[in-house]
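There are two complexes below, and they share chain A, which is joined by chain B in the first and by chain C in the second.
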Partner chain A sequence: MEAYIRGIGNISPQHSWGNVILAEDIVSYEGNRLNCIEPDYKEYIKPIQRRRMGRILKMGVSAAGKCLRDAGVDMPDAIIMGTGLGMQGDTEKFLKAILDNDEKFLTPTSFIQSTHNTVGAHIAVMLKCNKYNFTYVNDNLSFEGALLDSMIRLSDDPSEKILLAGIDEMTDSYFCITKNAGFWKEDISDNLGLLKHAGPGSIAGEGASFFIVTGETHPDNYARFAGIDTFYKPESDKEIDDFIIAFLAKRSLSLDDIDLIITGINGDSRWDSGYFRLQDTLFNGKPLAYYKHLCGEYYTSSSFASWLAAGILKTQSCPETILLNNNEVNKPIRNILIYNYLRNTNHALILLSVC
Partner chain B sequence: MEELIQKLKEEIIEVLNLEEMEPGDIDPDAPLFGEGLGLDSIDALELIVLLEKNYGIKIEDPKDGRKIFFTLRTMAEYITEHQK
Partner chain C sequence: MTRIVVTGMGMITAIGKDTGENLESLKTRRHGVGSIKLLDTIHKDELLAAEIRFTNDELAAISGITDGERYTRTSLLGLIAASQAYESGIGKYGDTDNTRTTVVSTTTVGGMDKTEQYYRDFLESSKYSHFVYTHDCSDSTRQISDHLGIRHLNSTLSTACSSSINAILIGAKMIKHGLADRVIAGGTDALSKFTLNGFNTLMILDKGHCRPFDASRTGLNLGEGAAYIVLESEAAAKKDNKKIYCEINGYANANDAYHQTASSPDGYGPYLAMKEALDISGLKPSQIDYINAHGTGTDNNDLTEGLAIEKIFAPDIPPVSSTKPYTGHTLAAAGVIDVIFSILSIQQQLIFPNLNFSRKIEELSFEPVRELQQAEIDHVLTNSFGFGGNDSSLVLSKY
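So, the complex of A and B:
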């Protein structure tokens, strides 16, 4: 069960529109919230369509358009999305209108755009794509669900070209509520120095990472998703270790075959200890990396990590800013393991390999 | 009347999020739907809500909307006639 990445379209707080991250383009932010660098939407969305779209919808439609162009695909065989919050902005707008107007004067636009599957549905309408269309909403495993579904479909029919995505936005209201819940650091001055700011909380982020995946090999493929698995609330360190070892063994690999491990370290001292334990034990001696200082914490951030890994495998070059330790990244870089969890509840492993 | 038309232009731009238009771009005598501004059925619902919310005018029969929302001027005339 494999999924080759044929095309990419990525909008993130970094200059990711060019598909491969460059060390000199890394963007530094002040404060505890990272917002996406949005492209010029005019190239991808007509004004008459754009005027009614919320911010995340514009991001999704543009990233999808870029991804399809990059892959040379006009019509995908399936659209499979993952999102933790869906159209959060329009949902808030609609709910606010209900409260402000005492349940009267409700307009349709924000209502019809307030469902989680709006982005996937809108892309389908624009493309006139009547094929399989599914949106997974499952906290920080939303992208993982979409990826697993894509890989299962490709195991049945490797010729399919599937539009796969992870997408979430950070709105002012959601940021404020989660800030009050202690999700974000209060005193951080620089996202690139995330790990220097010890203590609870992370930095908020958002992004829209789109991939065209297929079961067919091609010289233009970036990399391939070689495995995905998840586990829930592990009760012991041994359970985590055993799961990681078994995940690799199922794919006839061991940790010796992994050239880089990208972890979901997010600077929150309450939860990061799980990653640091692995650094000193199971992952000892391996080059470790992290990515949430670049994109922030959000439910589908593993799609950003997947984009990052695909770029590293394609270019055989790893930006130093993501490296956690001094262990050398051996070339050629063949296999990258992404290990991400949120508040020690939903854990996920994604394996990306060179084509 | 001209003052109301100007006000409506600004309200329509805001409500329908016509982000690339200025009030001066809207011809008060051009059709709002189809060939003119190119509005659609969702916009019609937005305009019905605008009339009720901003001017206290409730359109009981949606079929009347075709006449009321034909142009910006017909809309302004309807408001002038029916506003309490």
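So, the complex of A and C:
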């Protein structure tokens, strides 16, 4: 199963809009929350529509538009989204109205837009796309579910061009709720120093990473998704190691073939030890990277990591800011392994390779 | 070509806490729609719903859980239905299942029942923070995996009211592609103030009992429930001498691409879903013996679904009925509940009646089946359509 990346559209807290690779001016944020740098929506959405759309919908629709243009695709053969929280803003708006007005004087707009598949559905309406339209909502495996579905489709029909995405928004209320629940570091001065702030919690993020994936080779392809697999609540270190080795072996690879490992390290001392153990054992000697200081922690952050990896493979250059250790990144960079987990529950491996 | 078969099933709805009770209700016209007793809403006396008449404590007791207050109602319903499916198709649960059994679950509101109860507390303190973790749609999937001891791949999807048909679709593909040996596919949704008020503001709730395919229909009744089926390859099921309930013969998902909540005037998305599912099954329309319709009772759905059915099947339209008047519209669970009802149709050679019907829709040539009917049923088509123009159909065949 292979999925070549033909097009990209990416909105993140970094300058990723229209860029293949992380721009040199890395954006730093004060405090524990990173917001997307939103593009000028004018080019992609009419003003009358824009007013009625929630923030995540605007981000999704324009990132989709950018991505389709980048790939030169007018009509995708499938739209497959991954989102951990879906339409969090619209959901809260309707919920607050219910609670504030004791279930009275409600209007349907925010309810209509609260459905989890709204972004994919809206793109379908805009494109008049009658094809397969799925939305995965599976914690930190939401993008992974969408990717797996895409790869299944492409192994059935490699000619398809699939619009694949990971998208999540952070709202003020949800930030407050998750802050109270202890998700975020209280006293962090800036995101780039994430790993210097020991202790529990991470920093909040969001993003919209869109891809056109296809089974067909083409000189304009950026990179290819060469594998995706997930595992659940591992009971021992050995189980984790075995899973990673088997994942690579299934693709006729070993760790020797992996030129860079991008980990989901998020600064949370309660959970990061799993990554650091691997740095000293299975991943010993390998160049290790992390990315959540750039985009923050969110359910579909692995789609940002995938964008990052695709850019590294395409340009054959690795931004310094993501490197965790001094092990050299050998060129040519052929294979990048992304390993991300959340609270030691859902673990995911994504393999990206050069075309 | 790998054939996909159903080897287990389980469900809880307003008409019964297991498959047997549901069948008995379907046969005896015992519907589950009535006044709202458990959900705390100002609409109690004004709106009807198909509520499952068990408190969360009672649901916890049914599923053998001691700390039930920590679970959302969506999870509790899911646990009950998924455990039944596991027991009927795989065996006793509880020990770690080290096989490649996958859970593909769906829900539209996830843990909203707890979120709407504690939302203000969430904003002020950490007192009820454990329900912050149960808010998103994947919580019930993990609870099911943990309860059943499943460690392999899990997935959750949400495509509004067509969700659980889509879980079956992707579950079947996972088996075909060798990613799982068996899949527990289905969905769960509890009633919440959020959805009740949402549908109410859209003005698509019938104040009385819903009347699918009736000329005077004015809307749907919401329901709650959960259902799961066990999918396996035919080869695996045969090797283990499993009882095979039916074959999943065709499936499709298409998009209406018309409007977020309304269907296109001619039901183009529904037409595409039915047509592609039939094409994949290799069956001719004339071979379909019964259509278990989405049939929610809204003005828009029943007309457009009916037109799409006519476009494919006219002039020989097979018997059609909607079972929504029994269970209400159970959102993410609706598709898989209809699948189990369709399996029961095949097993029992029965067509379950479309309650509350009196007058045909003028634009349509057919009326739904009104009485319990004995019939030779080899192939059933079942539909599930959702917001965002998400339309899915499944063809089930006697094995």
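Basically, the second predicted complex is superposed on the first by the 353 of 355 C-alpha atoms of A that agree within 3 Å, B and C clash if a C-alpha of one lies under 4 Å from a C-alpha of the other, contacts with A are read in each partner's own complex, and residues count from 1 in each chain.
The rule is short, and it goes like this: a residue touches a chain if its C-beta (ideal position, glycine included) is under 8 Å from a C-beta of that chain, and two chains touch if they have at least 3 such contacts.
Source: prediction; values computed, not measured.
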item	value
Which of chain B and chain C A:133 touches, first, second, both or neither	second
First, second, both or neither for A:95, with chain B first and chain C second	second
Of chain C and chain B, partner touching more chain A residues	C
Chain B versus chain C as contact partner of A:52, first or second or both or neither	first
Partner chain(s) touched by A:108 [first = chain B, second = chain C, both, neither]	both
Footprint overlap on chain A, comparing chain B with chain C	104, 106-108, 112
Touching residues on chain A, where the partner in the complex is chain B	47-48, 50-52, 101, 104-109, 112
Chain A residues touching chain C - in the complex, by the definition given at the top	1, 79, 84-86, 91, 94-96, 98-99, 102-104, 106-108, 111-118, 120-122, 124-125, 127-139, 141-142, 145, 148-149, 152, 155, 173, 176-178, 180-182, 229-233, 299, 345-346
Of chain C, residues touching chain A in the complex	41-43, 108, 110, 112, 115-116, 119-120, 122-126, 129, 132-133, 136-138, 141-142, 145-146, 150-160, 166, 170, 173-174, 177, 179, 193-194, 197-198, 200-202, 253-261, 268-269, 272, 386-390
In the complex, chain B residues that touch chain A	15-20, 38, 42, 45-46, 49, 52-53
